[in-house]
Amino acid sequence: MLVSTETISLQTEGFCHLVDITAMTQERVQQSGMTQGIAAVFVPGSTGAVLTLEFEDGLVHDFQRLMEQLAPQKIPYEHDRRWGDGNGFSHIRSALMGASAVVPVVDGRLALGTWQQLLFADFDNRKRQRTVIVQLLGE
Amino acid sequence: MLVSTETISLQTEGFCHLVDITAMTQERVQQSGMTQGIAAVFVPGSTGAVLTLEFEDGLVHDFQRLMEQLAPQKIPYEHDRRWGDGNGFSHIRSALMGASAVVPVVDGRLALGTWQQLLFADFDNRKRQRTVIVQLLGE
Amino acid sequence: MLVSTETISLQTEGFCHLVDITAMTQERVQQSGMTQGIAAVFVPGSTGAVLTLEFEDGLVHDFQRLMEQLAPQKIPYEHDRRWGDGNGFSHIRSALMGASAVVPVVDGRLALGTWQQLLFADFDNRKRQRTVIVQLLGE
């Protein structure tokens, strides 16, 4: 059995910045030598998320609009009233979108669709240095 | 260790068509001989999703209403303006709902609740031939 | 290879009651002796969810408001019209939030961020006795 903990380091801009981590994740799979299994991609933090999306400028814009519609930046949040962080919207978007995604690995490749990319979303209200964990399980 | 890649083929109608894949997934688990582990169910595509729901007509209707409320079909999407696909709403619903679900397998059975079914959602704007991947890991 | 099925029993209040299950999940990881792998946390039921959130009163309030905004308790649901359960909103919130979360285990610890807790959300419309499944895979 192969269990391998890989990481991806990112410099992010916040405010619903979407970063395509498909190639970096695929690279980690290849380096590990795993041919069959899963990649459990996880954000160790409460203001980010992992998702899949066709990564093109139109959908990036549409997704950012969805986040602004569901959890607007400018409405009052109890989190901000208590802690003064100003990033209540970031936490709420993160909870809604989820910190983990699990992608099967088949014949050494992430089994993504042709137009499907694996993205890290940074919902925070400032630039961040981020680490995404790619936990590989298989053989 | 058992790692097995199973697939489920579906003919879908699009427009938030929900298909109950519980029995097909359970069948794949049994055929593999796995007794303890996980089933990572994944849609290799950017206009579908995997979710759990009590599969009855009332909730199917309620869920379709939720999707229409959160990402309406008829509003303008940047994706459609750039690519002319007309399925911007499909991509956005897919990103929101997620491409993967992980269900524990205990004593050879998917550990679902009594009223909980595993569903494939096709959000696209046309009929599709779909493949869902069921990645089994365990023993 | 280590595969271990652990459970967490909870007495919940319903109506978007959030319970921090981080310590209980970590305890299960330690008892299993697993040092590297994943914890697949799953709700076997169609009116609950597993999510990650910074668990503090402000965000609990903000998250409950989000759920009320996206799937209000008081609007009519087809589920309720047909079955009379009165918990259509609970099912819809559960479908949206998802029944599973996968957290990497690294050096015997859940790889959560400092301000990131693992929560069970009970969306039902009554008190419940709940069981959450923690499926551990690794070594």
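Chains: A, B and C, in written order; residue numbering restarts at 1 for each.
Rule of thumb we're sticking to: contacts are C-beta pairs under 8 Å (C-beta built on N, C-alpha and C of every residue); 3 or more make two chains touch, one makes a residue touch a chain.
Being a predicted model, the structure only gives us computed values, none of them experimental.
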Rotation, 0 to 180 degrees and nearest 5, that superposes chain A on copy chain C via CA atoms: 120
Interface residue overlap between copies chain A and chain B, same or different (over half shared): different
Between chain A and chain B, centroid-to-centroid distance (C-alpha), Å: 20
Sequence positions of chain B contacting 2 or more other chains: 1, 70, 96, 98, 102, 137
Residues of chain C touching chain B in the complex: 1, 3, 5, 40, 42-46, 70-71, 77-83, 88, 91-92, 94-96, 98-100, 102, 133, 135, 137
Contact footprint of chain C on chain B as seen in their complex: 1, 36-38, 51-54, 56-59, 61-63, 66, 69-70, 96-98, 101-106, 111-113, 115-116, 137-139
